[in-house]
């Protein structure tokens, strides 16, 4: 395949752009390949693990993840607890504002504003979260005393009413959400305070290991879409590995392989651990997820839609 | 401004996507801002310096740069010589192929293939370049003995016949191309061999400093679009600085400011050197130029077109 | 303070080098500052949270971390489970080999070798881990049925006999190890299999949130040394925040702040969330932990030793 | 080779540290390898090309580079003009101060301070540079009218009197300095102004291509130590390539190969272009040069000194 001169034409669609980027070079080629791998996953009926980090839920990708669950693109979600807290905050109407990476942090602190890159969360949003989560925990505790994490998260999702919520769509569409470090956030603090009053309240992380293992079998085709690094990425890879390895994998990350970290690990490195063998079935895109993922996924959705392979979308209805 | 849930809709255009990315977070916000700054540059009739590195001309962005010159977006080009060599190769029909970042380099070398990231250039292309450039140098030398770099490049452009060529469009549209390190490539070797036979053949880099200085005045509004780092970026900034500083600047780069390098220097750092003062007139986007630049520029072109501010485009005619 | 010309002298010590790097520029300045902050933490009797990711335990830093615990530098450890598994493997004699980042991963997989950057772990090491961990789980279960994670890890440490082991030194020196995602690794699988046979075996992650909260109080001075990103870093920051914020913090990471991720978050961003206010008490070093951390820490240890502030070291005895 | 537990011992030397880092993992392994390659270059009497970017001369590495020239480590220097300007400023007593990456750039500009990462250069230093450089140009012009760049730089070096100056040591030790973009800085502006008054003053960049080509022959063993990216790195590689390729190469850079840029190009990629074949003769270290280069080089110098292979050092006399 040869490099082709890229040209602007008016009103170009994202699909057309990503198609053309496949002949441009460097990360644009990897991006187009990643989009192809997503289409391939779906066409071959792979069970798709979608993993993301909390900061992506702080961003506007949150609504997109919820939509992907509704569209039956994601079969299993793995994430960190901060994002789930913020998904709940947003479903109760909290708003996060857009600021600057170089904001004065001492000043922000005095105003009660917490910074995540160029996004801002008010202290009030955390207080309101506390007000909402305590009655939720009460309801959960009344149902039973011992919960696997994903079961509890499903229960919370059923109590929400926001079609742009990840927890809501996951619960409604029977997509399990796994969160291997459920206590690593404000939610962990509230769980702890609740347990202080109810010593028999147990969050069973060990049981959830079985739950994620049984989401797929050795016989299933399996795909991983890992956005960013962290334990979300690792947990999905680990679980597909224990079931014989993923058949398809795309990683989108700003980290590099030079540090030997999980965040920067490539789909090449994954081959040493698992069974992905064919070059055409994996892609690693280096870049910011907030831009790279919409590009790769929009093209994949447009293609799947055209081919009638997409569940009907009602999220904009 | 608040974070908004991003949603897929069928056949989304690039313009709509970039508009929406402005409310997503992290680099997507910076990207939308960069697109705005480009529109602002043009609306305020700034003289625009476009700088890029050689590898971007290896990629398919080459045709895009040529088109931007034809569309009167770029008023001054600053680049490195490798890209100009490849622009010439491509206008004589050489083709570069797309491969893998992890190709076996010893094997490639045995096959006479040179790798630039995931792009491949054959040794033959360099040999053909030599065949083409020698008669060109002859014609140039016959016209006069002492050439400022940009004058020579214009002369070469006039000898080409490829509407997707940067040199061709620049010559045709009276856009000067500056290349402060004209000998740093195969072209440098050919210049040297030629000078061995013609001792009075002089490439005058000092005179070209005056030429770039006089492309703009203190009174002109000036904008810089710097893609990647290198001396291309530095030279454009230096020259706008000597004329009172740029009014607008966008930098797109994968480098980070932590190393103190020019490649990673931000538009913030530029403020310490120049006169850009308003936050809304600068943007630094961290990411691969082959993806980020088309996104920001396509939206800007669509807007300028809609508002009748764009010269008629004939590059697809 | 002015930039000073750096000069080689024979047999320069690390301490002298890092002192001099403080006047060189870019990350060398940040590194020297980080070393100062560590000294300051210790002189002011701050409780020190040391966090690291699993890949650092894959590397030879594992012995260094154990030594720092023995030397009473670290008061609280937060890490991910992969590193704990490897700490156990190493204390039972497993060896990891050094290879290449660009190794052929398909070939490695066929040989039963798993790659972590340029380090290699044999499948046998995981099998041997399984053989060792099962009797350990049996002993733990016989003691009691419900364990907070850090209590269980202490119990495991008491069963090991390797002075270079993190778990061993932590248990011996009463330094708690927190691991908020205890199931995210082979250990998680073994816990799950064990629980299948012993339904009343409970790993209580919620109780451990209280344990980490009570390692320090609002009145304690607190310091954070965060190596790499991940939930280890986040969990330590969260817990110091809930106790009024850290007084000192150093972050060493290869990630950048541009993506808005926790891994790349700087000590500046930390100020918006917590109470660190003085510029001299925080430092963010961008670079590979395997080099940056030994440099900063060796100088700090040499200074503390000279000033008689270091517990006697027996790790080389 | 196996991973070894790293341990602190009091007063550890840099040499011992780097030796031990060779068994730690990730970039520490690459660093130790880079140090080995430097020793190998010297032992095998390779002609060594040392390349660096301007910001490294802004930093305290400037004195180190001068010392390496005096110690006969570097045979050929390739760099950018900004660093040469600052080398001259420093030899006339200008001082650069150390500040913060997050300084307020608008405020700095008002104070007449220019920022390079966390280093600061006063406007006065540029004015004093102008006062010094004009009489130097006069003397040069009086000698002859047409100068190859490296010849002119040698002439300037002979006029300086500072043993920590790169230009001074290079001139005194007959080490040529190549600067393919001599006009890309304040010096370019002064050359231009001078030429305006003396139209027959010619800086011949083409002739210098021959000069760098003839620094080595096909038969010489050749080594490249490339610090950072930019045309300095590219020019050295190009010239060794035209003479049959380098036998040894180390690259130290913060850039990554994912963007396809020269700055991030690895020594692997170099193999596709040239003739380096043996894995043991090349190393790419990812990290900040201000830390990585002193570490690798100090160990190499200590080894060469011990083995009596080092020219006597007088730079601290």
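Note that the chains take the letters A, B, C and D in the order they are written out, and that residue 1 is the start of every chain.
In this text, a residue touches a chain if its C-beta (ideal position, glycine included) is under 8 Å from a C-beta of that chain, and two chains touch if they have at least 3 such contacts.
Keep in mind that this is a model prediction, so the values were computed, not measured.
Greatest Cα centroid separation from chain B: this falls to C. For the interfaces B-C and A-C, the C-beta contact count is higher for A-C. One finds 36 Å separating the Cα centroids of chain A and chain B. Annotation: 45 Å between the Cα-based centres of chain B and chain C. Computed centre separation for the pair chain A/chain C is 26 angstrom, with centres defined by C-alpha atoms.
Chain contacts: chain A has residues 25-27, 55, 58-59, 102, 117-119, 256, 258-260, 268, 286, 288-289 touching two or more partner chains. Those residues of chain A that touch chain B in the shared complex are 1-15, 17, 20-21, 23-31, 55, 58-64, 66-67, 71, 90, 95-98, 100, 102, 117-119, 164, 268, 279, 286-292, 294-295, 297-298, 301-302, 305, 313, 315-316. The touching residues of chain D, when paired with chain B in their complex, are 53-55, 58-59, 80, 82, 101, 103, 105-106, 108-109, 113-119, 146, 180-185, 188-189, 191-192, 195-196, 201-210, 213, 228-231, 234-235, 238, 242, 254-265, 268-275, 277, 288-289.
Those residues of chain C whose C-beta lies close enough to touch chain B in the complex are 25-27, 102, 256, 258-260, 286.
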